[in-house]
C-alpha cells in the first residue's frame, strides 16, 4: 500500500481552499437568504462557476475526463481533499461542477453515450448549462434490491414507451433539470440482472409528470431537489436508449464507486465544519458557573469526533487510491466499507452537535440539520447499509481449518 | 410500590380508544392535507373537541382540575394510557385539550394565577377558545441553565416593561395564540434563583414582535408552532405578574413534572405507531428473493423496540404514580430518569424505522420524521439530558464505607 | 396491571436484609480467602444455612413448595427483592438454599419426579444436604437450538444406557454434587421436539467421567463449578427416567421461567453492589487536582447506571408478577424481554466500573469481574439473546392494515 | 501524507509469516498445555527464539537499535505487519524478542542508561537472557494521573532507599524476572512533574517482596505475569538511578509511543484471529434448520468486524509512520487516537465472538477470552481512554470566528 499526494495536487488543493475562502464562503449567507428563505435561484452561482472554470477548478471529479472536454482531470485520490472542502457547504460542490447527481450522470454518459448523445446531453452538463436526474428508485418496491424495479420500457417501432412511477430522483425537481435517465424493464423474460435498460427522457415529454418535490427528514435539498415522477405512455426516440439494452444495471455501476466516495468525502467536510462549530460553541457558552468546554462530556464528544473523522478520512483516501489503481472486487469491498462507516460517523457527530447546541442546533440557522440529514440519507442511499454489509461479509474468506482442527484452539487433552 | 388501574380507569381508556379509532384516526389524512400541504387551519379540530368534551374526554391531563372547571379530573397514572393513545398522532392531544404547551400553562395558571387572571387567561384555555405560549428560552444564552436568562422586566409605576429576545416559544407562532407567559429578570441583585419573575404578555402588545416561526430538525410543528419573539419596551399592567415576584423559577416548576411525563407517554404512543408500521412493512416488502421480515436483523429491530417500549412504558407509569402520591425529591429523580430514557428509546426506534422503510421513511408521508424529531427535541427540551443526568447523580447516596473497608472487596491478606 | 408488595412481604424482606447484613456480609472476606485463595470448602456456609432455616429464610424461591416440604413459600414477585439482596454476593443465594442450579432442579423434581424419586433426590436438595447438576449443553453442537442435542439414551431391559458428552453442567464439578439430570435422545425417530428425555444419573456411576472444571471468561464459579462430562455406556435403572419419555423438553420448561427471573434479580443486586462501589471510589480518588466524582463523565456513568437498574428492576417485578398470575405466552414474552435486557444493563454497568476503578477493577479483589462475567454469561446462558429476540419478534402482531392503507400514512393526493 | 512499504519490508514480513506458520503456530497447543494447564515454563520458547534470531527475526521492535546490538532495526511502520502476525498468539511476540514489557524497557534503557547500566541490564534483555518489569502503578492512588505516585526514594549516602507499594508491574511475577525499573518520588518539594525518578531494583534485593501475582478480568498472563510488590527499606546503589533525577516522567515517555502502537498492532492480529474463527464457526454450526452463517445478524457481525479492523489497521500504520518521521505533538495526538480507537474495536469484535461461539467462546479453549481481556486492559492500560480523550480534545484548535460571526451560520435577517 502506498498512497501519496504529489506536489501538483498540493497546489490545486491550496487553490481550491483559497477560492472557497474568498469566493464561496462569504456568499453562503446570501445563498441561504435567496434560496432557503426566498426560494429563488441564487444568481451568483453562475458567476462563481465562471470564475472557478477560469481558474481550472472545473470538473475535478471526473477521472475519465477526455482531453477535449472542459476541466481538469484528477484522480479520485487527488480529488478527495477538494471534495472535502466543497462538502462544507450544501451547495459547495456546484461551484466546481462537482456535485451530484451531475457527476455520476456525466460519468455514465462518458462511458455509455453515443457521440450524438454526448453532443446533446453530456456537453451541456460538462459546461453546467443544464441539470439532470437519475430516476431509478420506485415508491412501490424495495429498491435496495434493484432487480425489483418495475417501470416498463416497451419498444414500439423506433420509439420507446415508458410507464411507471419514480421517486427520489435527485435533482429531478430542479427548475433547470432538462432530462432524466430512467431505469426500467425492457426484457422481462431475461435473467434477473439482464432485464433492465436506461433511457434518456427529456423533461417536457408528454406523459412525464413531476408529481411533487420530496423532502428527506425535513430537508428540502435546494441543490438537487428530489422529484417524484409519473410516467404514462411517455414516448422517446429509440436512440435515447443509453448503453446496451438489458445491460442497465451493469451500465449504472459506473456511477457507484466514485459517487459513494465523493459523498463520503463530503461527509468529512461536513463533519469538520460541524466540529469546528462545536468547539467554538463549547468555548463560548456558560452553564452553572462554568464554560461548557470544561465539562469533560463535551471534551469527549469533541475528541471522539476527531478520532472518527480522522479514521474515516484516511480510509476514504485509501478507497479512492484503490479505485484509481485497481477497481476490482477488493476495491468494491473497500468502497462498501466506506459507505457503511462514514455516514455513521457523521450521524454521531451531528447528533452530539445538536445536544451541544441545544435548540439552535435543530434550527436551519446552522448546517447541523443539513449534515445530519445527509448522513442519515447516506445510510440508505446508494444501497442501504444492510446490503453493503452483506457484500462485505461475502468477501470474507472461510478459513481452511474447521473449529475442531483450528490451531488457535486448544482444548485439554487435544 | 403498588400501582394499579382501577375499573373506572379502564372504562375511560376504552372510551378514549374508541373515540380515537372512530373520530380521530380517520381524519388524519384530511389533517395532513389541510395543515401540512395547504397550510390552513384544520376546521374539524373544533368539531372533534366539541364531541370529545361532550363525552367527558376533556382536560384529562390536569390532576388539579377544580370542581367548577370543565373536564374530567384524572390522576397522572390514569391519564398515562390516554396520553399514549393521543400521542400516536401529532395533533392527537389537541382533541381532548391535553396538548402542550396548553396543559403546563393551564397547570401553572391553576397554581399561581389570581382570580382575575384565571377568569381572563385560564378559562379560555380550559375551553380551548384560545392558545398560549411559554417564553423562557433565549437565543443568546445557554438556557439549559435557566439562571442565564436575561430578558429584563422593569417596574415603571403600575406597569411592567419588558426587553429581550425569546425563541423556542412553543405555540407562540400559532395564529390563535393570544398571550405569552414570559420569564425574565425583575431583581438582578437578588440571589441566583430569586431574580426571575413571570409576566403575562398579550399578543398584540406594542413592542412584541413575532420574528419568525422556527423549525426543529426540519419539522415545523403545525400543532404548536414555535415562535421567536423580540420584546422592545413591551408594557403590560403590573397585575400581569404571574405568581410571586422573584419566584419565577419556583413557580415554573409546576409545569415540569407532568409536562415531562406527558411527553414521555406520547413518545410511547409514537413508538408503538412506528413499530406497527415497521412490522407491516417488513411483512410486505421483498428483497433478494425473500420477505424483509425474514432477515433476522429486522426481527431484532422489532424485538428490541418491543423491549425498549415496554420497559419505558412501565417506568413512566411508576413515575406518574409517584407524582400522584408523593411529589418529593425522589419522585423528581424518577421523572428525570424518564426524561433521559424515553426519548433515547424513541430515537432508536425511529432511526431503525428509517432504515427499514428506506427513502419513504424520511418523507413526510409517514410520521417517522415527526416521531424522530419529537424524540430528538425531547433530549434537549425541558432540560438537556446532561442536566438531568447530573440531577440523578446528585441523589445517589455515598456509601458509608470507603473502598478500603468495603465489605465486598477482599484483597488477599486482608 | 396491579402488582404490590404486601405487609407480610415487607417483613420477610427486612428479615432477609438484616440476616444479610449481620450474618452474611461480614463473612464474605473469609469466604474469599477460604474458597477463592485456598480452594477449600467454606465450612461456615452450613452454619449460615442452619441459622437461616431456623429463621424461616429457606427455600424462598420455590413457589410450588408443598406444605410438607421445608421452607417458606413465596411468590416470584415476593421473592424478587430477596433474590436481589442475595445476588450481591456470588455465594449469597446459597445461604437460603435459593441458588442455581439447585432451585430449577428442585422445581423440576417437584413437577416431574415420582414419590420415590422425590424421596431420594428432591428431599436432600430441599435440605441442602447434597448438590446436583443439569446436563444439557453439549460441546459438539449448537445448544442454542436444544433439538441439536445428541447424547443417546437407549433402553436395555430395565436399564437405560447413556453415551455422549456434556459440558457447562453448572454445579457438576462441585465436590458435593451427587447426581446429574441428563437430557438425551431416547426416540430418534420421533418428531423434532419429542425425541428427548431426562434421566437422573448419580455421580459415581461407572462410565461417567468428570473431564474437567470449566471457567467462563476467566471466572471459576466456586459456588456451582461448571463440569464437563463424558458418558460412556453409563447404566442406570429405568426408574431413573425423570418425567415422560420423549417429553424432555416440555418437562425442562419448568426450569426456565423462574430460573431466568432469578438470574435477572441477582443481576440487579450485583449492579447495585457495583454501583455503590463506583460511587464510593469516585468520591475518594483524585486525578489532575480534582476528585474523580467531579468529572461529569463519571457522574453520567453513575446516573445512567441508576436509570438502567431502576427500569430493569421494575420490569423484572412485572415479569415475576405475571409468572405468578398467568404463566401464558404473553408472560413468556416478558420473561424473554427481561432475559435480553437485564444482562445488557449489568454488562454496561460493570464495564464502566472497570473503567472507573482502573486496574483494580479487573482484579479479583473486587466483585466487578464476577458481575461482568455473570452478565456476559447470562447473554448466552438459558438461550442466547438472539433466540429470545426471535421469540419476542414472533409474538408481535401484524397490523390489519397494509402500508398502502395505513391510516397513519398520508401521501399527497391520497 | 505518503506511507509505503518497500520491497525489503515485504520480504521480512513474508519471512515472519512463514516462520509463524511453520515454527510457531504448530506449537501453540503445546504451549497451552505446558504453560496454562501444567503451569510450567515452555522450554521450546528458547529454541524458537534461537531459530528466529538466526533468521534475522530479532529485536524488530526497536527503531533505535544500535549497530552493535543484536537484531534487525525496523521502523515502526515496517514493524507493524509483523507485530500483527505475532499478536495472533499471546506468546507470539516473545519469539522475536518483541514483547512487552521488554521492548519498552529496552527502549528506555537504550535512551537513558549509562554504559555500565547497558552492559548489566540492557544487553541480557537484548539477548532474551532475562526478564524485567516496569513498576509504576500503585494500589493506593489513581495512577491515571501519574503525579499521584507516592513511592518514596530517598538518598542515603551512595545508596537509594525505596519504600512503597507497586502493583500491575507487568512481567514482575515472571520466574525469570531479574529486575524492576521503579518510578518513585525523589524530590517531593519540586514541581509537580519534576519530583519523580526511576531506579533499577534487582529482584532479590532485601526488602523487596513479590506479594502476589495478579489476574486481570480472570486472565493470568503467563507471558508477562503481573506482580504486586512491597518495597520496605529497599537499598540499591545510587548508580542504579536511571536517567536524570527528577526527570522520571520525561524519561518514561520514551516507552509510550511505540508501546501503545505495538499493543494496537497486536490488537489487529488478535481481531483477525478471532474473526477467522467466527467465520469458520458460523459456517459450521446449524440451529433451527439452517447454518448460523445464514443469519444476517451473524453476517453483519462479521462485516462490521472487517470494517473496524481495516479502518484501525490503516490508522495505526499512519501513526507508526508519523512516529518514524516526526514524533511531535501532532503525532502524540494520533497515537492517542489509536489508543482509544483500537481496543474498542477489539472489545466489540470479541464480545460478538462470545455471542457467536456461545459457552465455548468463554472457555480458555479459544483465545477469545484472552483477546477480550487484552482489549479491556488496553482501555485503561498506558493511560485510561478518558485521559487520552482529554489530550486529543486539547489539541483541537478553537476557530477564529465566534458563533455569532461564523460564516456557516445564517440566521434570518443577518
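Here the chain labels run A, B, C and D in written order, and each chain numbers its own residues starting at 1.
By our rule, a contact is a pair of C-beta atoms (placed from the backbone, for glycine too) under 8 Å apart; a residue touches a chain by one contact, two chains touch by 3 or more.
Bear in mind that the values here come from a model prediction, so they are computed numbers and not experimental data.
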Which chain has its C-alpha centroid farthest away from the centroid of subunit C? A
Contact-richer chain pair (by C-beta pairs counted) among A-B and B-D: A-B
Chain centre separation (subunit A, subunit D; CA means) in Å: 41
I'd like to verify one number: the distance from the centre of subunit A to the centre of subunit B, where each centre is the average of its C-alpha atoms, in whole angstrom. 37
When centres are defined as mean Cα positions, the distance from subunit B to subunit D in whole Å is 51
In subunit B, which residues are in touch with two or more of the other chains? 295-297, 300, 386, 412
Residues on subunit A engaged by subunit C in the complex (per definition of touch): 211-212, 295-297, 300, 412-413
Residues of subunit C defined as touching subunit B within the complex: 1-5, 25-26, 28-29, 32-33, 37, 88-89, 273, 275-277, 279-281, 283-284, 296, 299-300, 302-304, 306-307, 310-312, 314-315, 317-318, 334, 337, 340-341, 365-367, 386, 388-390, 392-393, 396-399, 401-403, 406-412, 414
Would you mind writing out the residues of subunit B in touch with subunit A in their complex? 137, 139, 141-145, 148, 167-168, 214-219, 285-288, 292, 295, 297, 351, 354-355, 358-364, 369, 372-373, 376-377, 379-381, 384-387
